[in-house]
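So, here's a batch of structures to check.
In the two complexes that follow, subunit A is the common piece, with subunit B as its partner first and subunit C second.
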Partner chain A sequence: MIKRTDKALRAGVLLVLSLGVIGPLGAGLAQTAAASFGYMPALGAHEFGLAAYRSLFDLPGVWTSVRLSLITGGTATLLSLMLAVGFCAMAHDRMSDHAAARWLTPFLAAPHAAMAIGLAFVLAPSGWIARLLSPVLGLDRPPDLTLVNDPMGIALILGLMVKEVPFLLLVMLAALTQIPVRAHMAAGRALGYGRGLVWIKIIAPQVWPLIRLPVMVVLAYALSTVEMGLILGPSTPPVFAVFVVRLLNAPDLNMILPGSAGAVVQAILVAGAFAMLWLGERLSRWAGLWWLRAGGRGSSTEPLLRLGSGAVMALFVLGALAMTALAIWSVAWRWPWPAVLPETWSMRAWVGSAAGWRPALANTLILAFVTAALSLMLAIAWLEGEDRGRMARARWAEALIYLPLLVPQIAFLYGLNVLYLRIGISGGMLATIWAQTLFVFPYVMIALSDPWRALDPRLDRVAASLGAKPWRRLFTVKLPLLLTPILAAIAIGVAVSVAQYLPTLFMGAGRVATLTTEAVTLAAGSDRRITGVHAALQAGLPFAVYALAFVLPAVLYRNRAAMKGGIR
Partner chain B sequence: MTLQLIRLEIRVTDAAPLFPPICLSVAPGQSATIMGRSGIGKSTLLDAIAGHLASAFCLTGQVRLNGRDILHLPPEARRIGLMFQDSMLFPHLSVGDNLAFGLARTVRGRGARRAAVEAALGQAGLEGMYDRDPASLSGGQKSRAALMRTLLAEPAALLLDEPFSKLDAALRQEMRSFTFRHIKARDIPALMVTHDPQDMEAAEGPGLVLEPATP
Partner chain C sequence: MRKPFQAALALAFLATGALADDWQTTLDAARGQTVYFNAWGGDARTNAFIAWASEQTRARHGVTIRQVKLTDTAEAVTRVLSEKAAGQDRNGSVDLIWINGPNFLSMKNQGLLFGPFVTDLPNARYLDLSPGSANTVDFTTPVAGMESPWRLARFVFTYDSARMDAPPASMAGFVEWAAAHPGRMTHPDPSNFMGATFLKQALLELTPDPALLQQPATDDSFATASAPLWVWYDALRPNLWRGGKVLPENESIQQQLLNDGEIDIAMSFDPASAAAAIAQGLLPDTARVFVPQGGTIGNVSFVAIPFNAAHREGAMVVANFLLDPETQAHMQNIEVLGSYSVLDPARLDRATRKAFERLPSSPALPTRTQLGPTLLEPHASWMTRLTQAWAERYTRE
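Presenting the complex of A and B:
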């Protein structure tokens, strides 16, 4: 019995999605592409041609930039993937999913920019690691090394990995719950294969299709990150995405067309990387089958697995140190080298910079809660529409959700802002909310989809058989039962919104200051204490919301045993 | 009130029907039983009657309740109660609020509604358990509470999906008589799918064994 109102619900969701998400994305891309081929009437450019591309590639350092992006992004993603697989192979059977989620959450919640700033505080020659090692190495002053912003991009690779490994672990652990790992592991080992080999030959090929899209998201981000590239990456020349942002924000308007060409090249780089991933998948499949049929039991992979797990633990420690460093710097006053902790503490940085962080905090809060609320409503409408249509999700719909995360932000945000300028909403909260929601919605939707589908459909059916109409069933049965995942989805939405840099920078046109834009600007050299204040706030906000999302259901449902972690 | 299945057939779009057309008439107070091996589509049949058939399936034939075809009605308007092997009490509500959720809108006024719920709790041997967490009830208590919730909605017919299969032997006996006694007392038709021949005996109604459709 599919009623007309149910169809209207689905049609409404599709309309909002196509006008609100896919439309802007496509229009922004088209606008960027047109500008890159020399068409931008606002600048008096009307002639189609390749001039913009030619001037882009004539700029000094552009090729180095491209190479840096490919190396840092590719290496970080590949290493993260390998480490995550190795860690899963070692730790999967020893770790409950709940414990894993609790461990990973702080790393997922930390915004990229805050993590990068914290890492810079830890890795820099005058940072924590050098301070801790100074007695051992006999250093009497900070080592004269470029440890952050190094020309090879090693600090950037590390920074990306600290954020990517936890994300991939979370995604993999979720995928592993859909596979009978224990039984396959037992069967494989009974046939004489070691743990690592069963993992590679039997488990990994089953996991891959389930994590392919998230890996692509990671790859696209690593290749096109601006904030992490600014804070940790090399500076002259920087990674390509930073290079392009500099062109687009240059005082010289003549740089906008080459900048747009750069944005298109950035999209091509990501598309090329996806093609390589596809090719790699094909090759591994072919080689893997050959290897599998050869039946080799191989030598033990245990030492490799241990090494990988050790590296993952080291990344976790590094991330935790980075977060702690932010907090400590924000309340440090006198902190001479090589003291491990400050000599004097003070809240002066907090008080002194209040005029800066108060409005930024207010903007951040408004943006975070409005975008998370909008995304949540859209996600619930979508999922409820699927339920009422009694339909499984089509593959194109799944891809549609991921789309904004797969296209590099810079490839369409600048073009989109040109369109926002034309309809007169650029430079305000509305445009910033809209642009951020493009990236918040997919994460909220992904976070809510699995728990929503895991809800026992018989509960809804029983409610219907008791005479409850669809809306009553939604509000009195489904949503209360899904309180925990809904709060988790809100927390993820808030974390994603707080972390957004480029959408706020472009759409806010410099007028919407958030903790992230402030922290990234401050990271470029000013006082570490004030940077620490902004970055600590930026990281603290998502932490607080996550903590609330954990605590609130436990308090509200303290007298309901079956609601405690039973439904996720 | 009579529940009639008239040449009821279910198929996955374009495929052969899951089983041959079903014709069955269940009189008020009677409990009919449908048996068949697992995977034959017994639960799908109940989904179809209750109005929850997945969109991949297509349904032909009629389901009449009191002579009226109900297949065009949304599930909540069919007045067909559902019982599963799990109690399906809503875990976020107290035991009493679960029953209050089920209680028909015809009972009006806070006091009257509360009294109706308390009375039903009493009938199920759950006196004074209004505020209890459903998770804290025993298996038998859960089953009885679930049946009371269903009956408070004043259903015109009842569907039972392997209702006793998760209970241990002693409790099963008790729940069978409790359930069928209430069905008789309400004078409504019930349709049960089960694996257990003893369920069928206890139901004392007409029986039907589902076989795969032969092409």
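Presenting the complex of A and C:
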């Protein structure tokens, strides 16, 4: 029997979510939309109209910029998805989940901005690869080639892929644990289908519903990235998100109006891309059925798969090089062209900038753990509420949770800040925690919900039949059993919190300095060594937490073989 | 809720209070305050200098400075604007901003600034505030006491003397130089302050009537004055780094390109930047500074206080501290910041003048004579128009 109190938990969480997440987001969007239609009293603009949109589309290069965003974001997402599927097909049965998670962790932990800075150094004509080649090719000066910031956005696509392929692999591997892959594979192979085709025809359609939301998150990020677009993307014109941020930051304050129009257009672009995704899904469902019935065995997919896995490995190598390069820069003094390694080494970058990074590290730690803990409590309350109300996972509710990840940040952060100012909490730790939690909570949910729902319900029932009340069952049965995924969720939450740039900057009024805000500010400066220090700390912190998430269960449950496992 | 009337009343009250020369009242009110100094954070030396200033003001006046590091000054301007939008007329988050040019014009026009306050600062007596002096106009916009000077900026080029022996003698000379060394020079994106300054510098030299630039630009005057600039730029552009199709985001990234050997010329708004970069290992020991013969654009960097600053008195104490002759001498020290003093030497006593003369030097630091004459910034409208016109001409459609 379901009691009213059982439903209350879920209702409470829903209330917190709508007040804490949906409300601010909607208010922020409304503020931006109002400004885009010409209403901004602070600027003396009171007349509703389309003037802001007109002046936005009169700006030179705006269409090129939109096209660039669509091409780079779309290509990066599509390629990442294809490569991730291909790699899973190739490596899934040869690799334990543990090993995979260990491999992926550093790439997930490294923040986008740091990865982009490292990649730029690896790829540039004066960069690491060119320096290795310069003696062979006899170069005394770096070649005048556009390898980074290229007008086609290839460097940006590459950078996005280095970050997104590991993320998609992680969610895909998690999804695969819910599908009897080995049985399907055996049956498919027995019927004469090639490995690749079994994946595309049988396994992928089952995985897709489980990874659709994460893919949408990737797509939304790729279309609206500011940091990566700035560092790796084309200039004159840049990708649209950078274009909009430049308008919002123009010395002429009146540009905020077309800037807001741009923020709305950015949101429409993402919505349009989602529509394309939905259309693509419909089309492939229709075409796929026909294709399945045609019954081609595709035994020749093997070379293609190998190419795909090769590409994934190349991306991993590139990412690893980028992170290594930054780590070396942080202990370099002079490292001019064409030296492959620094001429002089020094710890001065670490010691000299300590006054800068120590308080930033402290702020980052506080924010990371508070937001991760808050998000975790909320996630547990949500999932437990689901259990107690015996409710199935509601799609609409899930979409609500992911909303902050699907709406481009620039479309609502400015408006959100005005709202926080009205409440009187902007510019402090509280506002920053709130804003970050909007983005941390969805990831914690992604990490926790599948293992939670996969928990054997009989354990809970046994405890209940022994007379344990719901709270006791939660604390003595469920949570201890779920320790490993809970720690993993905390680790992901910490990583997400550490990486937040725009929310921290806007809501903290710049006063809450974190490793990421410092790193991005310094990346605007020219000192790769100090950037290296911050990027190393920025990547190192989540990494340490991930490591802890591996070690802790193994130590705590050293006498309980079945509960040891690492992160799935 | 907005209370413009009360705010105006409060301002008027404060202004009269300060006119009574009650600096001591300001000092008393400032004690214990933490001033949030919003300043561009991309330069490690400036950050270190502000940290030093905080120690000093804490020891002397009990005022702590916290630097809010900006990637772009407009961030702070937008923040004050959104506070105004939310009706937050007191307790604003920005106490002091490092500002000048178009950002100052914006804030002044939108009524986002507190003041006038400069003449209330005791150390203002060392400044030349006579009408028309560099401290009283910012990009030709009258300062009217709404911002206080703190450092002098001069536009200079940086090059590596080991790779390059004869730098161009004029802006016009860059065309020839680039043709002889294709792909070896570039400039920051004109949407960035430094990129726009590069264009302004060329405009000042190439335009038929430079006096016109001191007036607000009109469609006609802009078309006539800028015509030779575009001829010059069209000739220069094909020989720029990456064919002029990719531009560095700002001058720091450009300096990094110089250090990486990708280009031979970088630029800066600080004559001491090359010497400082050498000391920090960011440029080779052979880096030097040069300026075109006709002189270069110079301006004064200011600090301003937003209308709703939470710690107005503390901010005034900091602005006053920045004008202290001792502070200015420390700032001009090449080992610290190396930016020239804004004070009028004629108003300093002999001992202080000596202190300035005794400051250490560096081979990469140009003398005042080598720097040549200082050219006035054009009216702010020219920069806005130049940036727009450049974008219209050279953005890929």
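In this text, the second predicted complex is superposed on the first by the 554 of 568 C-alpha atoms of A that agree within 3 Å, B and C clash if a C-alpha of one lies under 4 Å from a C-alpha of the other, contacts with A are read in each partner's own complex, and residues count from 1 in each chain.
By our rule, a contact is a pair of C-beta atoms (placed from the backbone, for glycine too) under 8 Å apart; a residue touches a chain by one contact, two chains touch by 3 or more.
Note that this is a predicted model, so its numbers are computed, not measured.
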Fit or clash - subunit C, subunit B, common subunit A: fit
Would you sort A:191 into first (subunit B), second (subunit C), both or neither based on which partner it touches? neither
Please indicate which partner A:334 is in contact with in the superposed arrangement: first for subunit B, second for subunit C, both, or neither. second
Looking at A:459 after the superposition, I want to know if it touches subunit B, subunit C, both of them or none. Which is it: first, second, both, neither? first
More residues of subunit A are touched by which chain, subunit B or subunit C? C
If we overlay the two complexes on their shared chain A, which of subunit B and subunit C does A:544 touch? Say first, second, both or neither. neither
Could you tell me if A:276 is touching subunit B, subunit C, both of them or neither one (first, second, both, neither)? neither
So if I take every C-alpha atom in subunit B and every one in subunit C after superposing, what is the smallest distance between them in Å? 47
Subunit A to subunit C touching residues, read off their complex: 40-43, 59-61, 63-64, 124-126, 141-142, 144, 146, 149-151, 230, 234-237, 246, 248-253, 256, 333-334, 336-338, 344, 346, 352-353, 355-356, 414, 417-419, 421-422, 424, 426-427, 505, 509-511, 513, 517-518, 520-522, 524-530
Subunit C contacts subunit A in the complex at 36, 38, 41-44, 47, 51, 66, 68-79, 81-88, 93-94, 101-103, 105-106, 110, 182-183, 189, 191, 241-242, 245-247, 249-250, 252-257, 259-262, 280-282, 284, 384, 391-392, 394-397
Under the touch definition given earlier, write down the residues of subunit B that touch subunit A in their complex. 47, 50-55, 72-82, 84, 86, 88, 90-92, 94, 101-102, 104-105, 133-136, 149-150, 153, 155, 159
The answer for subunit A against subunit B in the complex is residues 1-3, 389-391, 456-459, 461-470, 473, 476-477, 480-481, 483, 557, 559-563, 566-567
